[in-house]
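Which chain is which? They are A, B, C and D, in the order written, and residues in each are numbered from 1.
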Amino acid sequence: MEKNRLEAFSDGVIAIIITIMVLEMKVSEGINWDTFKMVIPKFISYIISFLFVAIYWVNHHHLLFTIKKVNPSIMWANMNLLFWLSLIPFATAWMGENHFEKITVAVYALLALFCGFSYNILQAAICKTYDEETAKRLMTKQSNRKSIMSIVLYSVSIPIALFIHPFISGFLFVAVSIMWLIPDKNIEKALSVDG
Amino acid sequence: MEKNRLEAFSDGVIAIIITIMVLEMKVSEGINWDTFKMVIPKFISYIISFLFVAIYWVNHHHLLFTIKKVNPSIMWANMNLLFWLSLIPFATAWMGENHFEKITVAVYALLALFCGFSYNILQAAICKTYDEETAKRLMTKQSNRKSIMSIVLYSVSIPIALFIHPFISGFLFVAVSIMWLIPDKNIEKALSVDG
Amino acid sequence: MEKNRLEAFSDGVIAIIITIMVLEMKVSEGINWDTFKMVIPKFISYIISFLFVAIYWVNHHHLLFTIKKVNPSIMWANMNLLFWLSLIPFATAWMGENHFEKITVAVYALLALFCGFSYNILQAAICKTYDEETAKRLMTKQSNRKSIMSIVLYSVSIPIALFIHPFISGFLFVAVSIMWLIPDKNIEKALSVDG
Amino acid sequence: MEKNRLEAFSDGVIAIIITIMVLEMKVSEGINWDTFKMVIPKFISYIISFLFVAIYWVNHHHLLFTIKKVNPSIMWANMNLLFWLSLIPFATAWMGENHFEKITVAVYALLALFCGFSYNILQAAICKTYDEETAKRLMTKQSNRKSIMSIVLYSVSIPIALFIHPFISGFLFVAVSIMWLIPDKNIEKALSVDG
């Protein structure tokens, strides 16, 4: 019951985050090639962020599927994750408007890192409500590897954006997303053994 | 359970898409005839898109009603559909602001085509979870005919917009919508025989 | 089940309508009395529309509480109501920005009338699914009187706004809202006798 | 059943309120230090308001958890709370855009006070549906103390913003939020004894 409302609120916030980003893709009047060219970087940054938020929703979905009871630490860890995700539309618009300028890409990568850490904090808060064995199974090698890979890739994409080229960081963002597109089934497996 | 959350998320996203379009219908201050005239094309493109998204919601509703379990391919096929639908407010605003200029109408038709293909992909992903006979009944003649008609009409409306007149394409959009307003009951019939 | 999703979608759309109106209450930078004075008419029109939409939500809530099954005509009558409600933020912003100019107030009253008619159409579509006696009890004297009163008051507020003074129409809007604030219990009573 | 829909609507509205605030954090094009500096006060006011609304959601969640039936006075007390909360994005944007100018901070504090009173009205409306003893347990010392503290702190922050320094009021806002971050378990305890 309580869990339902946490899910519903999170779904609402994530649905709004993923949809309002499109509002930033404004076009100035006029339809020559120059005005169209202005939309392209905004469109690319929209795709990157849509994928990013969609993956969080799917993983969030899997993660909350496992919990039975909501306690205050889960609730606030979830709020913390939603806070950082809610900044994605801002970072997306900023990056798109400035044509992937290096500082904007670095800020985006930093924000992605914060989202990743917040997700791990939520996972840890949920694991605490389980006995040690289930928790161990939940934190499987595969999902751990993905989490570590994401954090490493987002971390290196900050100096890459600043000192080498922001487009390489952009490709890294897409690479991380593709890695996550293969959903993590270990959480369910771990629990299906248990219950 | 899992299905509920997929529905809830899709409902949230579609509800936001259908509602934020109205935000584009801004009026400049002043209330003479000239400022009012500026709103008319925006209003017409809003009506077209409201109908378009509403029909998708209703059909989506019918389609998801038939599934029992969500698997990753259904989840991502659904995300893909939501992505293309989320671009509708952008295309609507662009078309309305530029008074149904031919290129904007062609882009709108192209986007409608992508939405149609994405819906078919979702349908195919759902059909895979059924045995062959139920799947065959699901893909009934009537709904197939409608899908093919939509794709044909949206396809021809692209060259019509570019080379003949964008208003004819606009009428084709409305024609497709009217065709879909008659809801497809075959999905339910097909399943009621089965279960 | 089906009904739940119709409710959820309607709730989503109405929640967005009621909330995005506040986005129109933008302030220009600077905080002298002149900039503040600009917000007052927008704030008043926001209050009027918040009340208006809130009353629709409550009545919609009561009305859908009574149905057991959703059919296509209920679904599309509901979509029609949501369409007209979705134009409220536009009419609110227009009225507020132009300081209750007579034409904007008349358009608002006209829109309120369309919302009222759409609600009646939805009510009629729902009544058709009941046997004659229950339907008769549903359309009680009290709620009928309120509906007729609303339509009369909104109708007269159009010429009043145009030819006498828009502020009188504004007071009529508030009067209609206060009339509806007393919730209609007859729908539930009618059904509690039945089931 | 009825209660579910009230929760769902409130969740929707609060989810939108908390998310649309980020839309105000627009950046002008250009990425020098000056444009970045403009975002900082908006970001701080966003954090303050995110926390504020999140705390309301959590407490609202706890409060509605206790009710069994929704009556008109609960419904309208809830609408009243949502109305004042819906003004938070406006007050946040105004405060952020004007760099915590004293009048904007005082208005924010006043709005926070109205939200607090509205919450108390909702609580009172819910308490009326219980017998005297349960109601007494619901209004526990701890939650009462927090409510009184909030009202006192928001009240004093109005003259402080106007006559001493708006930043002290800002710190008081954060202090109130931190006080509420420790969730109120008394409501559940009070009821678990009863039922």
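The definition used in the following text is that a contact is a pair of C-beta atoms (placed from the backbone, for glycine too) under 8 Å apart; a residue touches a chain by one contact, two chains touch by 3 or more.
Source: prediction; values computed, not measured.
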item: Rotation angle (°) superposing Cα atoms of chain C on chain D, nearest 5; value: 90
item: Numbering shared by both copies at the chain D-chain A contact, with half separating same from different; value: different
item: Whole-Å separation of chain centres (CA-atom averages), chain A against chain B; value: 27
item: Whole-Å gap separating chain A and chain C, where each centre is the average of the chain's CA atoms; value: 38
item: Chain C, residues touching no fewer than two other chains; value: 8, 12, 16, 20, 23
item: Complex contact set, residues of chain D against chain A; value: 7-8, 11-12, 14-16, 18-20, 22-23, 25-27, 29-31, 50, 54, 57-58, 61, 65, 181, 183
item: Chain D residues touching chain C - in the complex, by the definition given at the top; value: 1-2, 5, 8-9, 12-13, 16-17, 20, 23, 72, 75-76, 79, 82-83, 86-87, 89-90, 93-94, 97-98, 101, 103-104
